[in-house]
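Same chain, two partners: chain A is paired with chain B first, then with chain C.
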Partner chain A sequence: MNFLSRLKPRSREGSLGIILVITVGVTGLINPRFLTGDGTRDLFTSTAVVALLAIGMAPIIIMRHIDLSVASTVGLTAWFIADLCAKHPDFTWVQCFIIGPMIGMVVGILNGLLVAGLRLPSLVVTLGTLYIVRGAVYVISNSVDYNAQEMPPSLLDLGQKVFFGIMPFTFLLVIFAMLVTAWFMKYRKAGRDCYAIGSNPHAADLVGIKVFRRTFLAYVFSGAMAGLAGVFYLMRFAQVDSTAFYGQELAVVAAAVIGGVTIAGGSGTTIGATIGALLVQTIQGGLAAIGVDAFWKSAINGFLLIVAIYADRTLARKSESALLAQRIKERA
Partner chain B sequence: MKFKLRLTWDTSILALLATVWIAASLTTDNFLSSINVSQIFSNTSEITIMAFGVIFLIITGEIDLSVASTLALGSSMLGWSYAHGAPIWLAILICIAVGTLCGFINGFLVTKVGLGSLAVTIGTLALYRGIANGVLGKNTINEFPDFWTGFGFDTIGTSFIPQSLPVIILFGIGFGLLLHNTPFGRRTLAIGQSPEAARFAGINVIKHKIIVFTFTGFMSGIAGVLYTFRFSTAQADNGIGLELLVISACLLGGVSIFGGIGTMWGVIAGVLLAGSVESWLTLREINAQWRTIVTGILLLISVAAPVLINKAKAAKAKAANKS
Partner chain C sequence: MAQKGDLLLQMKGVQKRFGGAIALRGTDLSIRAGEIHALLGENGAGKSTMLKILAGVHVNDGGTITLGGNAFTTGSPEAAIAQGIAVIYQEPSLFLDLTLAENVFIGRQPMKGAAIDWNKAQEEAARLFSELGVPLDPKRQARGLSIADQQVVEIAKALSMNANIILMDEPTAALSASEVERLMTVMKSLKAANKAVIFVSHRLDEVFAISDYITVMRDGATVSENSVSATDLQKVIKEMVGRELTELFPKTENKIGEIALEVSDLTNPAFFRNISFTVRRGEIVALAGLVGSGRSEVARAIFGIDKYTTGSVKVNGKVMAMGSPVEAMNQKIALVPEDRRQQGLFMIAGVDRNISMESFDRLKGKLFLNFKKERALTEIWREKLSIKYAAPTNPVESLSGGNQQKTVLAKWLATDPEILIVDEPTRGIDVGTKAEVHKLINAAAGEGKAVLMISSELPEVLGMADRIIVMREGHKVAELSRKEATQEKVIAAATTGSKGA
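Showing the complex of A and B:
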């Protein structure tokens, strides 16, 4: 008993990690190819874009806001960079990695000004910018597509690069971003402020937390991550048209929420968000392995999301009553 | 009774609608032609029908992003059951029943289980469309009886009125009365203003919200029937992305996203405004892609304008206080 209770994970991320390992294990039993180096690499490659977006989105959801415009931003950045590369053949991956986040930041600044500056509801604002940014892609792209020939070979090579046989370069960057943001959110004042704002925006304002600055910067950060994700999109697919990554914003929200970033704000980590993204991808891979039709993919996503919020709710209630019981005991 | 014109967003949207119509008829030849007006009405019909339900939800302070997926699931079940030999009336009933059930599930998860409506309906948005995908796959069903496809597509006799318009008007009057002239409507507004206070005033908030969610589903089912017959096709990606248009129409119509405020005529004006602007752009042969941008800008204006107006008012009051 003692041994078992010591094994019990203390954190949300721990239990999610265990669920992930179990899912990977079960999927591997059904389809041994899944556990090979190739299978793991595929999993990482296909999760990189969504995981990066979920990391960018996590601070925003923690602050009780939301950013629905990320998928449109990915589309905009991916198309814009492909266009620039086609016009400037001397571009290498360096320019792409600099320009991508900058384009994303422009969208982030717009969102941030509207949400933090005018205090408009983030759901509506980012819904609006979702339309505007996607519309901008439609208009400027003029139905032009780009393929691998127009893209800088150094960028595509980097997209193919794999370390230790299983770790693609893109996912290595995702892990780096995850660790840096997790450290920042946990140990820096600005990071802690985000949790305070999400737990009680009004109180946070009253105790003198710079709500405007934190919210604004969170949106700029999310925009920058979306811009970088646009570069990742190019590296993975090596082609882009105006509908790139259309309608994927809810998948990103789902990944973050499944990873324990509560939509009501105030809790969650970027590590959780990344594990959430991996978990969704693994479960889909696993179901495909046991022969479930790809048409059910979206239904499974939705179901997982509802289960995740339900689990979240139950856990929150449990810890709430445990805390209450503890306080009563202390009083007595 | 003295008619007092309040300068609020839902009255100014009517003025905005009139402005758009005047500007559009001045700049194009056939904006107010019967065929074009008929087009505007029938293009917005599903959005209007779903908005009738969603307005109640937003007023109670909840949201439903799954309406378009409910429409698709209903439509797919209609096609599937019809293709499997069910008579058309039964297929239509199945569509509406499926929609109602979807709405009830949303309501149950939000109120009884106590999950946030935004997260739940993002989940059911994927879930319902996913089930529609799973049932129909890539198949489409597009053989329906002429009478019903005529109902979706044709106009009454030689007039410009779409056959479905009277149904929508009836629904509009019914729901308008329900919202503005019945205890049910007052309770809806009261819950939106303050759920706590409403509960202490003896309103069964949970039951009320479940009812509102359920009939939003019901309306999505009806929209599903109409969509299926208007395009004479039942497939899994019917009405994809409509949920955002429905919500933006409601917000354009002056419904507050924080709940407690909203009028039926405002929403109808909001739907027509979006539809008219789209039609105007089409007639001016402006690149269809611009419409997405215009929708987004309208949405931003609809939330930013009331806030900015309030700020200006507050600044004015402050200045008046000082002098």
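Showing the complex of A and C:
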């Protein structure tokens, strides 16, 4: 028991990591291919887009806001980049990596101005931009699709590049983004301001936190990540049409929430969000491996989300009553 | 560094309008280093507006404010903080998800290179807490902290930003006697460090115990500014209300009748044990004791909000089912809760809807609510309680604290209860309204209602109650009749559990 209690993870991310390892293990038992190098690589490749978006959205959820427009932004960027590359055969991956985030930032700036500037509810604003951006993709694309032959070979090569046999280039970037953002959120004043704003928006105004600037920049960051995720989408699928990544925004929210980013704001990390994305993908992969049909996959995903929220509330309530008990003890 | 007695802050003829409403019509205030300055006035006199102008939340429309000889830059909380003004609001504004160290240093975290130096922040916070005599754990989350400890964190924050002027809005409203004492010690040490403390309070005994100067406001203007030795309680009250208050506790002798409420051996191990008492018709029984002694929990258990493990509650001799507020209301019990904003009112709903809320059954036509009857009911209680509002549909959050409290009272009195439980009925409301609320409670008892009153204010307990039950740490430690009760006996019982004194 002593040994076990020493093993008990001290952070939320620790427990999530353990759950992830167990899930991967169980999935591996069902389908041994899952534990091979190829299986691991597939897991990372298929998680990269959602994980990157979850990292981008984590600061926003921590601020008690939300960004539903990310999936549409992925679609817009992916189509736009493919279109540009088709028209400029001299483009390499470099242009894609610069232009992608810039397109995303335009959407982010729009969201940021509406949410932070006009103080409109983010759920409604980003639901609006979700439709506007997707509508724009439909109009601009004019039903034109692009395939691998129109895309820069250097970009597709990069999409296939794998380190150490298991780590795709895209997921390496995800880990990099995760670590930088996690560091920023913990060790920079701007990052701490995000937690303060989500914890108590009213008090954030009173202590002089620059609420507009922080909120606005968080949306711009999320937009940039969505733009980059659009490029990742092309690298993975080498094909794009106007419905690319349609309706996936809630999968991103789910990944973040399952990863312990509290929807009520004030707590969570990008590391948790990334683990959350991996966890969802692993379970999906496991279910596919044992031949569960699509309805049940979707239903199990939803179930998982509710379990995550329940666990979150239970933990919060537990720590609240522990803190209360501590206070009663201090008083006695 | 300011010397003792240096003029730190001067406000002259400061004005503020909100739309058509004038909040301040010309207030003056001078604050010197090393003084504790009390700001008094009835609810709606403009104290909060004044604090908010200094805090940078509002901008004044007229008048001048000078700070250490320079013009004060208004308009943003940041600017106010930069000019050495720290504000501790009535409801502490901490970030509950963050640690105490972080709450102290939010926005001003110590840096090491490009990163926040968390170790240093924690050490500094720990040092500030122990300086204040309250060794809180800086790594602890702010969630679950008592109001008193949250204030300590706010004061540590003010110290850490090296504020010269510390504003406190009703800092003692939610504190128990020992916590008030602790806060006063802290205020004195701030004074000794040549800082200026401005505080708003409705507890006049405290004001006279600790302040050096007293400024009284009425209707948005300064009435007087005196050193504490140059004024007295009667004078201050007169200045605040603009008339003589003949009696703060207009006790009437009521006919005491049958036992209406009988609580026997009520126990909920987490909060209270073996509580027994009775309340008769026409009687006011006070539950006294420190905050946290379990008084409110007993009231909640009687009203069926919480459950209890053993014991019983009898209404008119019949045992009442446990754990059902609906049953309690059927038995004609009413509970006016302690926290009117959170538990007593629907802040964004209209005054009329709030008053009629518990009386819908009587106001209903065949299917729908009869708005005429609702309006009539509101009008009746507006008159009886002299609630002040512009229109009955105005949201209660636009009312002053005193009028909000009257609205909660009206809501429950409108149900025509036989047993009225009131929890801290006059917290945070001014003397004038206080006297009115006391009169209302007396009148309710006079109509033959049994009244159980929880109060942390001793003068209120002694002035109002026919009998006083004192609780300490979940136990009933004394029961005193009106005749035998004295301030000393109640305090002794509440703090040490001893019955004699």
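To be clear about the criterion, the second predicted complex is superposed on the first by the 330 of 332 C-alpha atoms of A that agree within 3 Å, B and C clash if a C-alpha of one lies under 4 Å from a C-alpha of the other, contacts with A are read in each partner's own complex, and residues count from 1 in each chain.
By definition in this document, a contact is a pair of C-beta atoms (placed from the backbone, for glycine too) under 8 Å apart; a residue touches a chain by one contact, two chains touch by 3 or more.
Because the structure is a prediction, the values reported are computed rather than measured.
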{"item": "Touching partner for A:L206 - first (chain B), second (chain C), both, neither", "value": "second"}
{"item": "Which of chain B and chain C A:W296 touches, first, second, both or neither", "value": "first"}
{"item": "Chain B versus chain C as contact partner of A:A254, first or second or both or neither", "value": "first"}
{"item": "Partner chain in contact with A:G135 - chain B first, chain C second, else both or neither", "value": "first"}
{"item": "Contacts of A:R119 with chain B and chain C, given as first, second, both or neither", "value": "first"}
{"item": "Contacts of A:S267 with chain B and chain C, given as first, second, both or neither", "value": "second"}
{"item": "Partner chain(s) touched by A:A196 [first = chain B, second = chain C, both, neither]", "value": "second"}
{"item": "Chain A residues touched by each partner, larger count belonging to chain B or chain C", "value": "B"}
{"item": "Set intersection of chain A contacts, chain C complex versus chain B complex", "value": "none"}
{"item": "Complex contacts: residues of chain A adjacent to chain C", "value": "183, 186-189, 192-193, 195-196, 198-200, 202-210, 265-267, 319-320, 323-324, 326-327, 331-332"}
{"item": "In the complex, chain B residues that touch chain A", "value": "63, 109, 113-116, 118-120, 122-131, 133-134, 137-138, 236, 240-241, 244, 247-248, 251, 257-258, 287, 289-297, 299-300, 302-304, 307-308"}
{"item": "Contact footprint of chain A on chain C as seen in their complex", "value": "55-57, 76-81, 87, 89, 93-98, 102, 106-107, 109, 114-116, 140-141, 143-146, 149, 292, 473"}
{"item": "Residues on chain A engaged by chain B in the complex (per definition of touch)", "value": "66, 114, 118-121, 123-125, 127-136, 138-139, 247, 250, 253-254, 257, 263-264, 293, 295-303, 305-306, 309-310, 313"}
